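Lettered A, B, C and D in written order, each chain numbered from 1.
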Amino acid sequence: MSTLSLDLQLLNTLAALFLLLAFAMLAQRRVVGLVDLLALQGTLLCAATLLLAWRTGERHLYFSAVLTLALKVAFLPWLLHRLIRRLGVYWDSEPLINIPSTMLLGLLIVIFSFGLAQPIAALASTATRNGIGIAVAVVLLSFLTMITRRKAMSQVIGFLSMENGLFFGAMSATYGMPMIVELGVALDVLVAMLVLGVFFFQIREQFDSLDLHHLESLREDT
Amino acid sequence: MAGNPLDPLSILLALLAAWVLIGMAGLARPASLRLVGRLLFPLGALVGAAIAVVALVSIVMPPERLVLAIGLPDLPFHLRRDALSCVFLFLLGAAAAGISIFSAGYFRAGEGTAPGLLCLQYHTFLASMGLVLLADDAYAFMVAWESMALASYFLVTTQHRIPDIRRAGFLYLLIAHVGAVAILLAFGVMQGGTWQFTFDAMRSASLAPAWASAAFLLALFGFGAKAGLVPLHVWLPEAHPAAPSPVSALMSGVMLKTALYGTLRVAFDLLGSPAWWWGLAPLALGLFTALYGVIFAAAQTDMKRLLAFSSIENIGIIFTGVGLAIVFNGNGMGQLAALALVAVLYHAINHAFMKSLLFVGTGCVLHATGQRNLGRLGGLIHRMPWVAWTTLIGALAIAGLPPLNGFVSEWLLLQAFLSAHEVPKAFLNMLLPLAAAIVVLAAALAAYVMVKFFGVIFLGQPREATLRHAHDAGRLERIGLVWLAAGCVLLGLAPMQLIRLLHVVPEQLGIAPPLAAATSWWMLVPVAGRQASYAPVLFLVGVAVTIAATIGGVSYFYHRRVRRAPPWDCGFVRLDARMQDTAEGFGQPIRHIFQPFFSMQRELPTPFDAAPRYRVEIGDRIWSGIYLPLAQGVHRVAQSVAWLQQGRIATYLLYSFATLLVLLGLML
Amino acid sequence: MSATAWLTQFLEVLAALAAAPLFVGWVTQCRAWLQNKSAPSLLQPYRTIRKLFHKDAVLAEHASPLFRFAPYVVFGAMVCMTAIIPSMGTGLPFSGAADAIALVGLLATARVFMALAAMDVGTAFGSLGARREMMVGFLAEPALLMVIFVAALISSSTALPAITDSLATQPRGLYPSLAFTAVAFLLVLLAENARIPVDNPATHLELTMIHEAMLLEYSARHLALMEWASALKLFNYACIGFALFVPWGLATGAAPDPVALLTALPLLAVKLAVAGAGLAVIETVSAKLRVFRAPEFLAAAFMLAVLGLLVHLLLGA
Amino acid sequence: MELLGLLAIPLGGAVFLWLFGARRWAPEANVLFSLATFLAACALTNRVIDEGNLSAAREQFFIDPFNVFLVTLTAFVALTTSLFSRPYMRIERQHGRVRPRQLRLYHSMYQLFIVAMLVALTSNNMGIMWVAMEAATLSTVLLVTLYRTPASLEAGWKYFILCSVGIAQALFGTVLLYFAAEKVLGAEGMTALLWTHLNGVKAQLEPAVLGLAFVFLLIGYGTKAGLAPLHNWLPDAHAEGPTPISAVLSGLLLNVAIYAVVRCKVLVEGSLQSQLPSQMLMGFGLLSVVLAALFLWRQRDVKRLFAYSSIEHMGIITFAFGMGGPVANFAALLHMTVHSLTKSAIFFAVGHAAQKAGSQVMDEIRGLITLSPTVGWGLMLGSLAILGLPPFGVFASEFLVLTTAMREQPWATPILLVALGVAFAAIFGRVQPMVFGETAARRLPHPPALLPVFAHLALVLLLGLFIPPYLADWYRRAADLIAGL
C-alpha cells in the first residue's frame, strides 16, 4: 500500500467515502437528510474529478468537474430543498424492508459487485481501476434505495445518486466520457429534474401527498 | 415463366380472377339486391360451371406450372395443376355452380350484411378455395388457406346481431387459426432446411423418418381441425347452423374437402412415400369420427345441426379411406391403395353434391317457415313439392342407397376393406375387417338419420298452423336444387366414366400402375382380377322395369279406384298433429343404445303434474371434457400470473433489479 | 346375353313370385301343427292377396304421393332381389348387375321407403313402427355384411353366383367359420323378416308391433303388394342362406337354359320345406323379446359373424 | 443535407409550436411540420437508394440499410399520426378533457419526440444514441400525464421512473463499452463510441467487459422495448395517455429501442464467441410472448389490450433476432415494419371507437360496424392483421419466424403455438363484440380521420403480397449485417 502515491491514496479514500455515503442513504429516513447526503456525494465526485484532472492533466476533466459542481452540488440540492419546503415532505415513512436487513443486503451486493468488477479492474490501465467496483456497488445500492422507499421524493434522490455512481464509474474507468456525451447526459439530468418538479406538483394537487401508495391503482390482479 | 394463355392452368386462374372481380362488382352498389341477385350470382354460377368443365377435361393432361410475380421476395406464388387438384377443382366448380344459382334466388334484403358485401365475401371464399387447390408453395397455400377461413368467417357471422352466431364464428375462426399454425409448422419441417418453401423443394427434400412423421402428424392435426375430425369437430355444429344455408352448403360440401386435399397432398405427394403406420391415425380417428358424428346426428332436433353432424360422419368415412390407402400403400399393395384412394375421392365428390343439396333444401324450408327446429315442422311435402322431392333424392343418396351416388363410393370403400386381410401385419389384418363393419354401421345409421330428417320435415301432418301457408322454392332456387339433385343421380348411374378419370390421380402420385381394363363402360369392377361387379344402369333398369310392370299390371288387370278417408290409426278418432313422433322421440332408440356417448339431462313429468312436460338436452362430452377445462385452465393460469403486476412501483423496480443480478450472474 | 338366358331369368323370377306366398303358407301351417291348432290351408296367402286386390283402396286424406308410390318400390326391389340371388341357377344374366353388398343396399332401400311411407300419414303407430324397423335395420346390416364378408373371403368375391360356385366346388368338409356365420345369418333372418323372437307377424297388439305397425294405414292393392313383398323377402333370405351354406344342386354354368332350372327346382323345394319347418320350430320354442332386447339379439348375431371371420382368418377354414 | 433537414425541421417545429401551439391552426401546423419531415426522409431515402450508405458530421451520423427504412417508417407514421390527432385532439378539447395550454405542450413535445427518435436512429455515436433515447422518454412523460387524471399521473410516474432507471443502466453499459473500445481505438477523435468503428474492431474488444456491458445495455434498452419482466410501465403508459401518443409509443418508440438492442448485440456477439447473447434475447422474447398472452386474457380496457399485444410482438421480434441467421433477421425486420404500421392503425381506430363509446372499457364499446362501418372495419381488419392472418404482412413475417423456429429451435415451437393461440382467443374474443352486435355509440362533433387507418392497412396488405425490391434488398443486407456475415 505504501507504494501508492498520495493522490492515489486520496482517491481511494474518496471512493471509500463514496461507497459509505451510498450506505448512509440506504439507512437515512429523513428526506432532507437524503438531500444533504446527495449534495455531499456530489461534492466527493467533484473533488475526485478535480484530483484526477490535476493528476492526469486532462482538460475536459476540469470541465466536467465544474459541471458536476454546478449541477450536483449546487443546483439540484437547492431545487430539492425548495421542493421539500414547498411540498412539506420532510419525513419518509418506514421503508418497505427494515434498515438492518437492508444493510445486510447492501453488504452482499457490495461483495457481488466487487467480484464482478475484478476481471475488468485487472484490465484497466487507469490508476483508479478499483473505482469501477465501487461504482457498480453504488449503482446497485441506489437501486436498492429506490426499491425500499415509499416517498416519490426519496425515490428520485435514489435515482440521482445512481447517476452519481455512473459518473464515478465513467470517471474512474476511462477518465470520463467524450465531452459531447457528458454534456448531453448532464442536460438530460437537468431536464429530468425540471420534469420531476412539474410532476411533484401535479401529483400533489391530485393526491395532496407524495406517498407512493396512492400510485398503485393500475394493476392486473383485480 | 408465364404459361401460354390457352393452357388449362391459365384459364383456371383467369376464372378464379373472374370470381374475385364479380365479388368486387358487388361493392359497386352494395344495397342493390337486383344487381347482386339477378346478375352477379348467376355469373358466378357460370364461372363455376366453366371451372368444372376445364378441370374435368384437363385431369388427364400432364401437370403444368405457373409462377406469379407476387409473394415474398425470394418466394413468388407458385401454381401447379395436376390430376389431384383438378379433381377437387371439378368438385369446387360443379358444387359452386349449383349453390351460386340457388343463392341468386335465396338472399333476401335486410338480412344482416349488405348484399354487395356478401357477394364479395362469397366470391372471395370461392376464389380462395380455388387458389388453395392450385398453390404450389407453402406461402401461397397458407395465404389462400387463411383467406378462405377469413372469408367464410365473415359469411358465418352475416347476422352478427345474434350472440350465438358471434360465438359460433369466434369458435370457428379460433380453431381454424390454431390448425393453420400447425400446418405452418408442418411446412416448416418439410422444407427440410433448404429454406425453399416451394412444394418441389419439399418433394425433393429428404427427411429423417422422425421429422417426416412429425410433419405428417402436424399436418393431420391442422387439416383435421378444418375437416372437423373428432375431437376438433366442435366448431362445425355451431358454425353450420349459424351461416346462411348456401354458405353452410359451401362450407360443408366444398371447404371440408380442401382439408382432405391438403392431407392427400402432404401424405402422398410432398412426403413422398408415407410409412404404413401413419395410416393408423386417420383410420382410427376417421372411424371414431364417423360413428360419433352419425350418432349425434340421430339425436339432434335442429335440422342444420343434424346435417352438420352428418357431415362430420362423412368426413370420418373419408379419412378412414385415406388411412386405409396409406396402410395399403405402405405395404406395397398399390392396386388396393389406388382403389381406396379412388373411393375416397369419389365419396368426396358425392358428398359435395348431396350435402349441398340437403343444406340448400333446409334453406328453402327455413325461408318458407322460419323454423330450424324439427319439432315445429312437418307435412311440407304438400306445400313445397320441388324442395321435398329433390331433398328426397339427396337424403336417399347420403343414406348410401343404390342406385344413387352415395352407394357407389361406399361400395368401392367396402371392396377395398374386403382385401384388408391381405395386409402382412399381425392384428391389423384382423382388425381392418371389423373397421369395415363400423363403416357399415355408420352407413346404416345414416339411413336412420335421413329417414328422421326427411320424415319429420316433409311427411306427416304439419305440427304448426303457420306451416299451412309455406311457399315453394323460387325459380332460380329450383334450378339450383335440380342441378345438385341431377348430380347425385348422374354420379350414381354412370360412375365408371368419372372413376376412369380418377384413376389418373393414384397413377400420377406413383401409387399404382394405370388400371386400364379395370372398368368397362357400364359395369363397375373394383380391382382387375376379382369378380365382383355392380352395374348401376342395369340395376336401375331392372328396378324401374319391375316397378313399371307392377303398376301397369295392377292398373290393367284390376280397377284403379281410390277413396280418401281420415287416417285409421287403429280406430283412434281424435288424431292430431301433436301425436306424431317428435324428433326427440325418433332419436330415442339411438340415445338408448349409445348412452355412453351422450351427456344427457332429462326432465321427466310425474303423473300428478298439472302441466306435464318432457325435456331432454343432449350435451357433447368432448366439449365439456376437453374444451371447457382447457379454457378454465388458461383462465386460472392467467389469474395466477396477474399478481405479478400488482401496481406497486417498488415491485417493478425489484423485477428489474433481480433481472439485472441474474443476467450479471450468468455473465460471470 | 342370349335370349334364352333372359328367358330363363324371367322364368326364375316368375317361379319365385309364385313360390313365395306358398313358402309363407307352409311356415304358418307347420307352426299351427306344432301348436296343435287347426292349420289354414297352404293357399291362404294367395287368397288373401287376391281378396286385397279386389278391394277399393282407402287412403288417408293427407297421404302424399310417396305413400302410394312406396309399395311399388318395395315390391320392385324384392323382385329384383329374386332376380339377383342364384336361387335355382347361377350365371343368370341379371345376377351380374349387383353383388352381395348391392343386395344389402337394395334391402335398405326397401326398408327406407317402407319407413318413410309409414311416417307419411302422421299417425302415432306409423312413426313408432318406422323407427323400430330402422333400428332393427341398422343393427342387422353390419351383422349381415360380416356374414357376407366371410363367404367373400373364402371365395375372394362378393358376387353371389361366384360365391356359390366356389363354395359348391370346394372339397366337402366342416367349415367352423361357415357354421358360425350360418347361425349369425339365421338370427339376422329372424330379425329382418319380423319373425319371433324379434317381432310377431301374427300379432294384433299395436304396442309390440314393428313391421305390422308400418302397414296399418295401407289397404287393398297397396297392402297386397306389401304382403307379397314381405313374403318375397322371406323367400329371398332363405335363398341367400341356401346359396351361402348349402350351395349344392344349383344349375351352374355360364348360361343355363329352362331345362336346367327344372332339374334344380325340386331340390330347392326340398330345401325350402325343411327351412320352413325349422323356422316354424324356432318360432314355436322361443318367446318374443321386448323391443329393447333386440339390440342384444342382433349384437349376438354380429359377434358370431365376427367370430366366424376371425376363425377363418386364423384357421383358413 | 437531407439529414440536416430531417433533424432540423421537427426541431424547429417543436420550438415554433412551443410558441404558437395553442392557436386554432396549431394542429394543421403540426401536420405540416410532420409532412416536411416525411418529405425530407423520402429525399434521404432516395439518396440512399442512389448512393448507398452515407455518413455525416464527422461520422457522428450515418445511414445504413438497417436504419434507413426505420427512419422513413418513423417519419411516415409520425405524419399519419399527426393527421389522425388533428380531429382527435379537437374532439378531446370539445369534450373538455384538455385545455389550450396542454395542447401547446402536446404539439411541441410531439415534434420533440420525433426529433429524439430520428436522432437515436441516425446517430452513429452510442453515447448520442443514449442521450436521444432518454430525451424521447422525457418528451413523452408529460404527454402521458396530459389529462391530469390520477390514473394518468400514476402511469406517467411509473413510465418515468422505470424507464429512467433502466436507461441509467444503459448508460453504464455504454461506459463499459467505451472503456473496452478505448483500449483498441484510443480516446482521441472520440471514435471509440462510433458504432461503425466499433463494428470494425469488434473481434478485438475485450469479451469480459463487453459481456457485462451487454447485460446493462440489454436491461436498459430492453426496458424501453417493453420486454417482460421489464415491461410494467408499458400498458399503463399506453392506456392512460392520449391515443396518438399510444400509437407512436407502440409504433415507433418500441422499434427504436429494439434497434438499439440489436446494434449492441451485433457488437457483443462479434466479441464474445458464445451463444449467450442470442440465448438471452430468445429467453426474453419467449417470456414476453407467453406473459403477454396470459395478461391479454383478462383485459377489460381496450388500449391496455393492444398495449399487451405490442409486448407480445416485441417478444416475437426479439425471439427472431435471438435465433439469428439471415432468414430470422429478415423476418424480424419485416415484423418491425408491419407491426408498427398495423398497431398504430389499430390505435387510430380504437381512439375513435373509445370517443364514440365515451369509454375505453371494452364492455361498453359495442356494435361499431352498425353506427360507423369505417371505424368498425378498421378495427376488425387491423385486429385480424395483427393476429397474423394473411394476406396481411404480419403473417408473412410470422410465417418465416415460425418455420425457422421449427427447424432451428423446435423446443420453442409448442410454447409459441400455445401462446399464439391464447393471444388469438383473447384479442379476437374481445374485438368481435366491439365491432359486431347491437350498438350504443354516439355521434362525434368532428368527422374522424380514417385515411391513416386504411393507408396503413393497405401498406400492410401490400407487404403481405409483394415487397418492393429495394426494401427487400435493405432487409437482406441488414439481416446479413446483423448476422455478422
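Throughout what follows, a contact is a pair of C-beta atoms (placed from the backbone, for glycine too) under 8 Å apart; a residue touches a chain by one contact, two chains touch by 3 or more.
Values in this document were obtained by computation on a predicted structure and should not be read as measured data.
Participant: Out of curiosity, which chains are bumping into both subunit A and subunit D?
Facilitator: B
Participant: Taking CA centroids for every chain, report which one is farthest away from subunit D.
Facilitator: Checked the centroid distances; the maximum from subunit D is C.
Participant: Would you identify the chain whose C-alpha centroid lies closest to the centroid of all protein C-alpha atoms displayed?
Facilitator: Chain closest to the assembly's C-alpha mean: B.
Participant: Go through B-C and B-D and name the pair with more C-beta contacts between its chains.
Facilitator: B-C
Participant: As a quick test, compute the distance in whole Å between the mean CA positions of subunit B and subunit C.
Facilitator: Measuring from centre to centre gives 36 Å for this pair.
Participant: Taking each chain's centre as the mean of its CA atoms, how far is subunit A from subunit C in angstrom?
Facilitator: It comes to 101 Å between the two C-alpha centres.
Participant: Starting from the mean Cα coordinates of subunit B and subunit D, work out the distance between those two points in Å.
Facilitator: 44
Participant: Measuring centre to centre with CA averages, how many angstrom lie between subunit A and subunit B?
Facilitator: Here subunit A and subunit B have centroids separated by 70 Å.
Participant: Which parts of subunit B, given as residue numbers and ranges, touch two or more other chains?
Facilitator: 642, 644-645, 649, 653, 656, 660, 664
Participant: Please list all residues of subunit C that touch 2 or more other chains.
Facilitator: Residue numbers touching two or more other chains: none in subunit C.
Participant: Enumerate the residues of subunit A that touch no fewer than two other chains.
Facilitator: Residues 116, 143, 146, 155, 215-218, 220 of subunit A touch two or more partner chains.
Participant: For this structure, give each pair of chains that are touching.
Facilitator: A-B, A-D, B-C, B-D
Participant: Touching subunit C in the complex: which residues of subunit B?
Facilitator: On the subunit B side, the touching residues are 378-379, 381-382, 392, 396, 399-402, 407, 411, 414-415, 418, 421, 429-430, 433-434, 436-438, 440-441, 443-445, 447-448, 450-452, 454-456, 459-461, 523, 530-535, 538-539, 542-544, 546-547, 550-551, 554, 558-559, 561-570, 572, 575, 577, 579-581, 585-586, 588-590, 592-593.
Participant: Using the touch definition up top, name the residues of subunit A that touch subunit D in the complex.
Facilitator: It is residues 116, 119-120, 123-125, 135-136, 139, 143, 146, 152, 155, 159, 162-163, 166, 169-170, 173-175, 177-181, 184-185, 187-188, 191-192, 195-196, 198-199, 202-203, 206-207, 214-218, 220 of subunit A that touch subunit D.
Participant: For subunit A, which residues are in contact with subunit B within the complex?
Facilitator: Answer in residue numbers: 96, 112, 115-116, 140, 143-144, 146-150, 155, 212, 215-221.
Participant: What residues on subunit C touch subunit B, complex-wise?
Facilitator: 53-54, 56-64, 66, 72-73, 75-77, 79-80, 83, 94, 96-99, 101-102, 105-106, 108-109, 111-112, 115-116, 119-128, 130-132, 134-135, 137-139, 141-142, 145-146, 149, 152-153, 156-159, 162, 206, 216-217, 221, 225, 292, 295, 302, 306, 309-310, 313
Participant: For the complex, which residues does subunit D have touching subunit A?
Facilitator: Against subunit A, subunit D makes touches at 125, 127-128, 130-131, 134-135, 138, 141-142, 145, 148, 150-151, 153-158, 160-161, 164-165, 168-169, 171-172, 174-176, 178-179, 182-183, 187, 190, 192-193, 206, 208-209, 212, 235-236, 239-240, 295, 298.
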